[in-house]
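Paired with chain B in one complex and with chain C in the other, chain A is shared by the two complexes that follow.
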Partner chain A sequence: MNPLKALVVKEFKDLLRDPQILLGILLAPILMLGIMGSILSTAFTSVREAVAGRISLAVLDLDGGVYASYLIDMLRSMNASIYTVKSRSISEAILEASSRDLNILLIIPEGFSSNITIGVKARLQVYSVIEGFSLLSTIPSSAIQAYIATYRDILVYSLLGRVAPDIDPSFILNPVSLDEYTVIQGSTVKAPPSIIFQRLFSQSLMLPFSMFMVVIVAMQIAATSMAKEKEGKTLEILLTLPIKRVHILMGKLAGSILIAIIGSVSYLSGFTIYMSSFSLIPQEGLAGLGIPVEYVKIVEIPVQGYIVMGILLILSLIALLSIAIGLSALADDVRSAQSLLGIVFIPLIIPFLFTIFTDVNSLPIALRILVYAIPLSYPILSVNSILSGDYLTPILGIIYLAIFTLSTLYVSAWFFESEKILTAKIRFMKKPRVTE
Partner chain B sequence: MKAIEVSNLVKVYSGGIPAIDGLTFSVEAGEIYGLIGPNGAGKTTTLRIIATLIKPTSGSVRVLGFDVVEHAESVRGLISYLPEEAGVYGNLTGYEYLRFVAEVYAKSEDEARSMIEEALDISGLGSRIRDRVKSYSKGMQRRLQVARTLMVKPRVAILDEPTSGLDVYHAHYIRGCIRRYVDEYGLTVLISSHNMLEIEYLCDRILLIHKGRGIDEGPPRLLKEKYSSSNMEEVFLKAVGLA
Partner chain C sequence: MTFIVELIDVWKSYNGIQALRGLNLEVRKGEIFGLIGPNGAGKTTTLKIIVGLLKMDRGLVKVNGVDIYEKPYEYKKLIGYVPESVSLPDYLTVEEFLIYSGKIRGVSTKHIRERIDHLTNLFELEDKRRSLIVSLSKGMRQKVAIASALIHDPDLLILDEPFIGIDPMGQHLLKELFSERVKDGKTVFISTHMLDTAERLCDRVAIIYKGQNVASGDLKILKQLSRTGENATLEEVFLKLIEEAEVKSTRDEMLKRGRL
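Now for the complex of A and B:
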């Protein structure tokens, strides 16, 4: 029969049924991010509905002239529900509006229409009653701004039509227009760099983030599984079974990678629900610019790119998991193992932060060497390299990682052969052992 | 060829006094050999070295001719070891645990299946075998472990205090199983205990250990005659000069 397979099955079952792993690593992320996401998406849906025009407002018309009634008619035609307040003073009008759950009061002051008629700037006032400091409470006033802007445009057109009937009013309003093109990697795209950057950024952030998650989760699982063997005194039996010690190591690697993949799928689906709640925000900026199709092609990662990233990820996973397993084998219990692991996480976060905030090549040489010494840097940084068409760095990375990973495996295997794996007893935050 | 050959074995744990200090003994094939001595005598240390878990500071140990340091992997294929404190995977069921061990040892599915059947018989766990091990009592866990150790029918079984934590009834039953396995399959058994009754009932020969040294060796009956004692407890006390 196949001892390695039996071992992986055992690891998988034992880990998957561990309440700590099941709850902490597999279920909590999807629940937490999912719940957060659906709350946000509910919020944004109501925002969207609000923006889409189901706006209710109170109006205090102190003017009563022709331009005031144009404005009110236009608001009605744009699907706003309008309540005309009876009070004649502003403070009373606010109270009256509030008593009817209307948070927006539009005031058309006296002389509004006559000012427009004689060519003097007319004024409008909007009072927003804020009940809480939420995103939602800012929506009605933004909606009113949009309505008033439309009203202003209509006015401009009609006034211009009266003054200069031969000229196209849209020309006067906007005599020069700007078409922006961005050239990246030899292809030209009709969009400003800021938009392209936004798209690139989300891609060059999501992929590294996912990789980072897989690695961190897998390391935690591997460390927990190893420390559990020691704390639970099952290691002593495992080490006398006729299984190659390297296979015990490999069984742990495979088991934790499998669980980590499940965990990361959980994380990422939670994250996707979370992120999709944001895409419900009306993105006039993007939609208005009409991002052309060819632009998508430029930021697409080709198949060979994914292969290179995959190799880098697997290599660094194996190296880091061996380290996590070896470290936790030094510890006496699960808690100490996790404390030890916490120390290793610090250098792992460095490359992740650098990919977000800086270009590694602009760093001082010492820092750059540090970043490139850390295995996790390679898969994470390869995303940007591959996006910009640079395959040399990732391939050199594969060579470095292959050597690094083999050495780590070799050291771990040696450690598994030694008696230290059984006798080492590093403890954290516990009373010193009382000898019997 | 001897089943186990221990010569001039010394084990010094990091920086301490020797836990084993020049131990020499050998076990014949098909024999039940007992290490007997008080707590801290060095029994567990000796068994762990034979089970390839820790390495001797000096001296040598051979199992069926294989050196436990040089040929640790071959030795692991011949032995089955029951630690004094044997942990269990609480999240697995008893059956899943036996299945895992059977698949590691067995050459075929048929062999694995018959191993598990044997283990069900030895453990006496009945339908509880389908429950998660963490729901078992200490005694049930120990029976599962004894069953796991014997079911693979190793050439050499190494049992460290096999009946510790078992009630009289189950301890008696397990001893019977060990005896039966030796008679039926010709295993060699190396057993440690501080239960003198158990040793007397089970062992063909015993070694009295005190402070890491062998004091005397022989069949229980002859030792009792030699020290003109009625029980093994008295034999031990006389042998170490305390009575």
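Now for the complex of A and C:
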């Protein structure tokens, strides 16, 4: 084992076993997001099962006419379990239904059928008994609304057939239809942009957000590790070893990147579990939403896109980690290092915000230069560039980041070689001076 | 006379403060050498320059006869260094840390194993080999730190205030260890505030004050230099020499201002 490898292994073990890092950075994301996702997933599954299952309801038929009978027959034909209450007042009917564990009471008022017959709007009443505030408690009410809507549609078609037998009822109900098309990269597809972007949102936001989190986590780990070494003077021992200081820098970078990768996997796993709990819509891709399969091919990130994004992410990670290590070496203790790092985080948030709220290319030139000067802009903004088929910007980004990364590594290595690494003592929380 | 460490007219300043002012110092091979002086005298700066942590402004430092700037990595193989109040990686076991210390110095696995067996036995750490460092007492951590500095069996062991935080039993153990190393022809170079310990332990000491070597040698020579008598302790010698150095320093300062 060469010294560099020994340093990386030591960094990895020491960081991995640190409860603050193990719990706070590696386990908390997957545990918290995973548990939240599992709870939501269980709730949504229960809702789905409830919707798909048989609805039970109580019916108080005060009308007794033909349209009331027709409604009850239709509900039965749609697999609803119906209990006809014997009480004649609403309050008693609710109690009677509740005593039989029925939370929905449908009341067909007197005159319901005669109103429909003479062309006066008829009314139905639904009472929902809520016993707890959960997603499940709203299911019976939603289900009965769907049943009533079906009954209403049948009635509309039936009545229109009688009034205008020669006209298609669907024409009267919806005389103008709208076909929406989206043109992207020269291809035209029959789908509104809102549907497409709704589905793409997770891709164009989740990936940049994940990258942002990866970088933040990695920088925190690297800075804490370095500041601990300096505060605890183990850095002094390291620097007296017969190895080049640039190798020490590389060892710390590699150890932090390894931990960051594990932290990122943990974070992404938790985030995926959390996001998948919202997957009530089909997950078969855009085709599942009725969008043509060929369009799916156009908007999904191809393999080469992921490779480009990976290169950009790794380059910016190395650059930002060497900045984090350099900055934390300037600090006198761990707390000061984290405070210093907080200042660096501010510009890093900028490209992430731009991906959510605006298009960078629409910004004034000065602001655009500022955004593109930030290393993290490239992996984050490359997602949308690649989705829209623009590879020039990410490739220029690789060139810029390569130069930037080499420069930061050079500066960090120079800093490591100088005695400033030991003598610099930036402190944010100054200890109060004792006057004698 | 063979010196393992030589400092010739070494000057060092940082943050506008002159830490060393033409310091001269020689440490002989096979001795326990003590660097003593009041706070801010330049003891830690001297040690840090020798181990390559700080760069001097001017002067010459030789380790084993070689200018340290000529072969900046080679000479470090001869040295084991323990800073003052060092804290070790909390979440490594004692054994893992010692293995790491050996590997990073390029020691072979077989030799590391042998050295760990020897050192854990010597420092009475056998039952703590698989304990995390975070679970150890301050004294035990100091033992682990010294063991890690000895993992490659260096010719020169440099320790900055090694007795701070160590109980009397531990101090006794360290003194025995230092004496054993000297018997094997190795050199131990310590800086300390503990004058009584330095008196009993060190073969020779150097008293430094305001970045200069006020006096150095064995206790007999120091007593002669300070004219404190044969029965004087190192503490009495130290106080006398420091007082004389302070008078000389003030006189020099006044002369310098007078000339200006």
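In this section, the second predicted complex is superposed on the first by the 348 of 436 C-alpha atoms of A that agree within 3 Å, B and C clash if a C-alpha of one lies under 4 Å from a C-alpha of the other, contacts with A are read in each partner's own complex, and residues count from 1 in each chain.
By our rule, contacts are C-beta pairs under 8 Å (C-beta built on N, C-alpha and C of every residue); 3 or more make two chains touch, one makes a residue touch a chain.
Since this is a predicted model, take the numbers as computed values, not measurements.
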On chain A, do chain B and chain C fit together or clash when superposed?
clash
With the two structures laid over each other on chain A, which partner does A:K244 touch: chain B (first), chain C (second), both, or neither?
both
Determine, under the contact definition given at the top, whether A:E236 touches first (chain B), second (chain C), both, or neither.
both
Which of chain B and chain C A:I35 touches, first, second, both or neither
neither
Going through chain A, the residues touched by chain B and also by chain C turn out to be 1-3, 5-7, 9-10, 13-14, 17-18, 232-234, 236-237, 239-244, 419, 422-423
Partner chain A, residues of chain C touching it in the complex:
14-15, 48, 51-55, 73-74, 76-77, 79, 81-92, 96-97, 100, 103-106, 109, 132, 145, 148-149
The answer for chain A against chain C in the complex is residues 1-3, 5-7, 9-10, 13-18, 231-234, 236-244, 419, 422-423
List the residues on chain A that touch chain B in their complex, please.
1-3, 5-7, 9-10, 13-14, 17-18, 229, 232-237, 239-244, 417-419, 422-423, 436
Looking at the complex, which residues from chain B come into contact with chain A?
13-14, 39-40, 48, 51-55, 72-73, 76-77, 79-81, 83, 85-92, 96, 99-109, 112, 132, 145, 148
